[in-house]
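What follows is a pair of complexes built around chain A, which joins chain B in one and chain C in the other.
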Partner chain A sequence: MDFIRNFPFFGIMLTMLAAIISLPMRGRAAKTISLTVFAIETLLAASVLIYTVHTGESFVYIMGHVGAPWGNELRAGVFEGLMAYFFSVVMLLSVSGGLKHLRLDIEESKRNFYFVMTDLLMGALLALIYTNDIFTAYVFIEISTIAACGILMIREIGRTTLAALRYMVFSLLGSGLFLIGIVLMYDLTGHLLMENMRLSVELLVLSGQFRIPLTVAISLMTLGMAIKSGLFPFHFWVPDTYGYSTPASGSILSGLVSKGYILILIKIYCRVIGWENLVQIGVTDILFVFGLAGMIVGSISAIHQNDIRRMVAFSSAAQIGYIYMGIGLGTQAGLAAACFHVLCHAVTKPLLFISASGLADASGGSKLFRDLQGSAYRNRWAGIAFTAGAFSMVGMPMFSGFISKLLFATAAVQVSVARMLPTLIVLAISTVLNAVYFLRTVIRIYTPAEQEIQGSMRIKWTQQRSYILVLLVFIALNLILGLFSQYIADAIQLGLSMFS
Partner chain B sequence: MKKTTKTISNKTRSRVTAYLHAWLFGEEDIYEDVFNREERPLVKARRAMDDPHLDQFNPRDAFEMRAFQRAYNIAGIVVCVVMIVAMLVTVSWLPRMGAYYNPNNNEVSERYIEKGMEETGAVNIVAGMILDYRAFDTFGESCVLFSAVCCVFILLKNASSGAAAAAEEDDRIYEPKNDVILQRIATVLVPFIMLFGIYIMFNGHLSAGGGFAGGAVLGAGMILYLLAFGFEKTSRFLNEKVVNAIVCTSLTFYCLAKSYSFYTGANGLHSIISKGTPGDLISAGLILPLNIAVGFVVACTMYSFYAVFRKGGM
Partner chain C sequence: MFGANLFANLDEMVAIILFGIGFTTLLFNRNIIKKIIGFNIMDTAVFFFLASMGYIEGRAAPIVVDGVTSAEAYINPIPSGLVLTGIVVSVSVTAMMLALSIRLYRRYHTLYLDEIYMFAQKEDK
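Now for the complex of A and B:
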């Protein structure tokens, strides 16, 4: 067996070990360990990606001396490698871009806990990406739920505690529904390993047995993950959770954690239920409708905000709508577009959150638009980065958002007229709405300030070198996704074809 | 009269500007000054300038809010009833419990039952399943406990020791300190409880029990001791550093030991861990040490939950 096949397992165990040994450490040591582990994980995931592209097939890794279906199993293909690579890069960049605010927002004695939580989150996300066993997925969903609440409430102002409470209620509801779905599926198929479940599901569908419980199980799993990732109408926890947490947490939660849940859902759809059965049951129709509604409602709510962080947060709700709309198209092309948008949003949203925090720093810490006027002159690099992120979300050519919108539109043209028309119309409306609120913000931060705001100051590049580096890498990732999209889209196609 | 016309014309004009204003500035967030302690004085002053009547009006008393609250309650009940009915209908369609043709009577459970002892060395098949066949899941579960402890610390830990002492003092106002009856009973009971917990932990691979159950009993014993004798006594052998060290060591051991076993298993290498004779106390390979590690994690989790909830520290 090639040594590279151990890498998914190494990645998960390394991040979990880093979390455990960070507990008795001081904040600074824990930070070093975290960033090192994320960097190592980036390399490991890149090797897995290159290896699987090279061999052209996926591989399974037995966790223990007894193989599946008795023991646990990991599985890695091009899709898993690609997602793990981007997730670890974004994790590394989000944490290092938010370091300054971590010092300000988190009490000295609790700083190590923040890195314990981010390590746990990274481990849980990797396990969600790589697992081939549906119960392992549930266990790591639990870890990511708890750790996500942790990184949210560690900034101890009243509003984050409230947001954490609401997030926890929604999140636990989602986990509970997902668990009931898993229990029903186990009862019907007798397996927890994805391949064996798939075989049993095929038999059940052919024989027509247990139709109702099967439908309920699939719906419950979908509902649970939709609640946890913030699909309309379950997006009410989104603005406070992303808007008031410390910038690094906002980036991680919106960029990665909600995407982890979507990825495991896609995996279940493709590898457990089977795409044709899913379309036949009609889950995709429901996801399609709510995805479209989310695209509009999220954007309209974003227009109403007076606070830059809450605006970006509501825009996340709209982007989650895009992803579910892509899944709801019910075709492989739609699914591939949704996967591309997962990546696009994962690299763009953290960029927006982190650059918005830089703009706020230059405006006396205020996140209100009226105080942010002219902030792009006070902190030039943050202004440029925010503009780049906004262009990507609006869908300007060259940036990643353009490609994902193009892929969605291309996928929509290939389906029936009943789906094509709503998709294209809503896509157009949503793009206009995106432009309304993102370009308004860009215009505003580049309008010279009429009066001096208390506490505002000019931040020079010498004061924030590492921060600027993070922003530049984020912009570069965005451009890479936008300019070399063909390779990424091909890799996603290849990865999805390895699923079945 | 003149004044009214002026207000009206002002109103129409202000509506246009208000839309422009809303586009440029966004609308006010109604919760802003209710929850956000940091910005409160500033926001309040700003609002008071805009609207002098603000203080007399609570948004919760508005008709819309009350109507919304009522509709919300009704919708909540409807959703719950629908879910309950849906779940009951689903359960009635499931395969019959315990029937021989059930899908989960398959090769998976067959091998656990028939070959479990031979392959894992554990007489208790459940221990063999959770700590050998599916040890990765159990590692995840232990990390769930670990992350829960960290979250409780984040939420409740006091920054200064003075605050911790004050919380402890405040907590004991209505409770007698050093209650004699409690102390005498605890003196008799605690050793037996602890011993029983350790017995469950160490016999996890031989009989019913294991790390989770034994750890819970051990933790309960420690909490009883704390209740009877207070933090002064317990903090001599159990303070935050010790608890952290125990949790950290146990989980690190779990992680490294199991990583070794996963690595050798997956790569088809020879493992130095022997299964021993099933039935012996020292047998079943890694299951016994892993049970002990899990037990320590569970006990420390319970104890630190209690301590942190009570006075925000240990």
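Now for the complex of A and C:
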């Protein structure tokens, strides 16, 4: 059983290897390799999860026989196993759900590069989840940025290239701030491994030395990751990036890449700085305010859109606001709710992006609401899937979105009134706003079309078997998160308790 | 007293000012090439910061030549290692940005983001 301790390392190496092997291959072979690797990743992560739940403790994998404090390490506990499992599943589903559009959007000769990029992205995300070394985290943040930009710019139309440039600029601003933040932290603590940094930070806090530099370093890291994950007011790059990319890329970028940055931030908060110190410094207060503002502003912007992809993209900005608001509550319950919402959003947003692409296909490729009228009748499965995703985002019972809203509300009533009231009020307003734009869209797609739209056609289930399978698995994941939420929430709690 | 550490930490001051210059250029400049230059200034500032922090007056680079094995004689090699890693990352990102700007220039025949944005919006209609 102890062999499972190697799995985090195997998982990361496998993706890197797959990326190198796929480079000279043709698109088809590269696709097979990628999908196989993602399926294997799912199994590896599931083994890690079961192993850590079984043993009840986390383990450290030492890279290359040089131990702490000099060597490089990976660390896996229940939290890491759970996140890696969901990330691998969502990656597998997003790529397989977007295959049809990959054929349409990408030139034949460049198709293998797409899979090289997704392999690298998977590896980078896994490394961000598992790493115990803060500089390794920075390197993989940059790898994921480059790979994410790659899967974005591979669709060679003007708007996508422009979106890729904007994404790159904002990402670089974010990683620059993060880099100077970790350099300052290294400067203050003298270590790069998270456990050793934690010990030094405790000593610094106890002695009261270097209080301002410590605050500055933490703020810089937080700001960097907030820009990269698209928290209000840094969400300007979000709609173009998610809206003009090919559906698989949009799903991966909004569902996984932005979450990877949040996870590494949570790891730094809990394992380097210490949750109590963080709350004391006051970073959570700032995140709380911007999180609340993001929840409202993202939703209002989504209401104004006339394009389904951009609407879903703006809704992502609102959901990122939820996650940061949860962190900003400053309690373990809030943090756990934020982690649950990471999973909830990771399974729901790709479902929405991929089903929206199915609806657009049945409407002559148009993503405008007026052309999408009645599209749920032309592509029934995509219609059902979009409705399920919309229900989850609005927070209907049984779906995962309901549970995360419930967890946020429960966490909110445990804190002081000054935070409880704004949280509950904004949560209520945001739910209403969500309902306005998601249910409006659902009603739109189920209203019979008045006139025939050029290029619209009925898509039968026999034409899109694998696509429907992907949608059904996504809906099932959503229902599993919604119905068996207790187990997932317990696992998150257990994982977070392993951090300290 | 305020400013007492100013001259003691002159390198770090310079690094942070350079970082600020790079950061604002990357954020606000409308020309893509200047943005890339800004990014490079920003990253170089971080490397300068690391290198100056990692250097201890009077100690040598950590390569044993005269048989001196005491750790006191050398500086810590890790900051230099981090700088090298950072340079590799920075070079790849610069290459990526340049590739993107070539593609945009071929399509829109300008390097100014405002103009590119305007043309792109016209294309939509």
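Worth pointing out:
Here, the second predicted complex is superposed on the first by the 499 of 500 C-alpha atoms of A that agree within 3 Å, B and C clash if a C-alpha of one lies under 4 Å from a C-alpha of the other, contacts with A are read in each partner's own complex, and residues count from 1 in each chain.
In the analysis below, a residue touches a chain if its C-beta (ideal position, glycine included) is under 8 Å from a C-beta of that chain, and two chains touch if they have at least 3 such contacts.
Please read all numbers here as calculations on a predicted model, not as lab measurements.
Residue contacts after overlaying the shared chain place A:Leu172 against chain C, while chain B stays out of touching range. Of the two partner chains placed by superposition, chain B and chain C are both touched by A:Arg159.
By the document's definition of touching, both partners, chain B and chain C, reach A:Phe135. In the superposed model, A:Cys149 makes contact with both chain B and chain C. In the superposed model, more residues of chain A are touched by B than by the other of chain B and chain C.
Contacts of A:Arg465 after superposition: neither chain B nor chain C is touched.
When the two complexes are overlaid on their common chain A, residue A:Asp187 makes contact with chain B and with chain C alike. In the superposition on chain A, A:Phe9 contacts chain B only, with no contact to chain C. In the superposition on chain A, contact of A:Arg26 is made with neither chain B nor chain C. Comparing the two interfaces of chain A, the one with chain B and the one with chain C have residues 135, 139, 142, 146, 149-150, 153, 158-159, 161-162, 180, 186-187 in common.
Residues of chain B that touch chain A in their complex: 22-29, 31, 35-38, 86-87, 89-90, 93-95, 102-108, 111-112, 119, 132-137, 139-141, 143-144, 146-148, 150-151, 153-155, 157, 159, 241, 244-245, 247-248, 251-252, 255-256, 259, 261-268, 271. For chain A in complex with chain C, the touching residues are 135, 138-139, 142, 145-146, 149-150, 153, 156, 158-159, 161-162, 164-165, 168-169, 172-173, 176-177, 179-180, 183, 186-187, 192.
Considering their complex, residues 1, 5-6, 9, 13, 16-17, 19-21, 23-24, 61-66, 69-72, 107, 109-110, 113, 116-117, 120, 123, 127, 133, 135-136, 139-140, 142-143, 146-147, 149-150, 153-154, 157-159, 161-162, 180, 184, 186-191, 200, 210, 212-213, 216, 244, 303-307, 310-311, 368-370, 436, 440, 444 of chain A touch chain B. Within the complex formed with chain A, the chain C residues making contact are 19, 22-23, 26-27, 32, 35, 39, 42-43, 45-46, 49-50, 53, 78-79, 82, 85-86, 89, 92-93, 96-97, 100-101, 103-104, 107-108, 113, 116-117, 119-120, 123-124.
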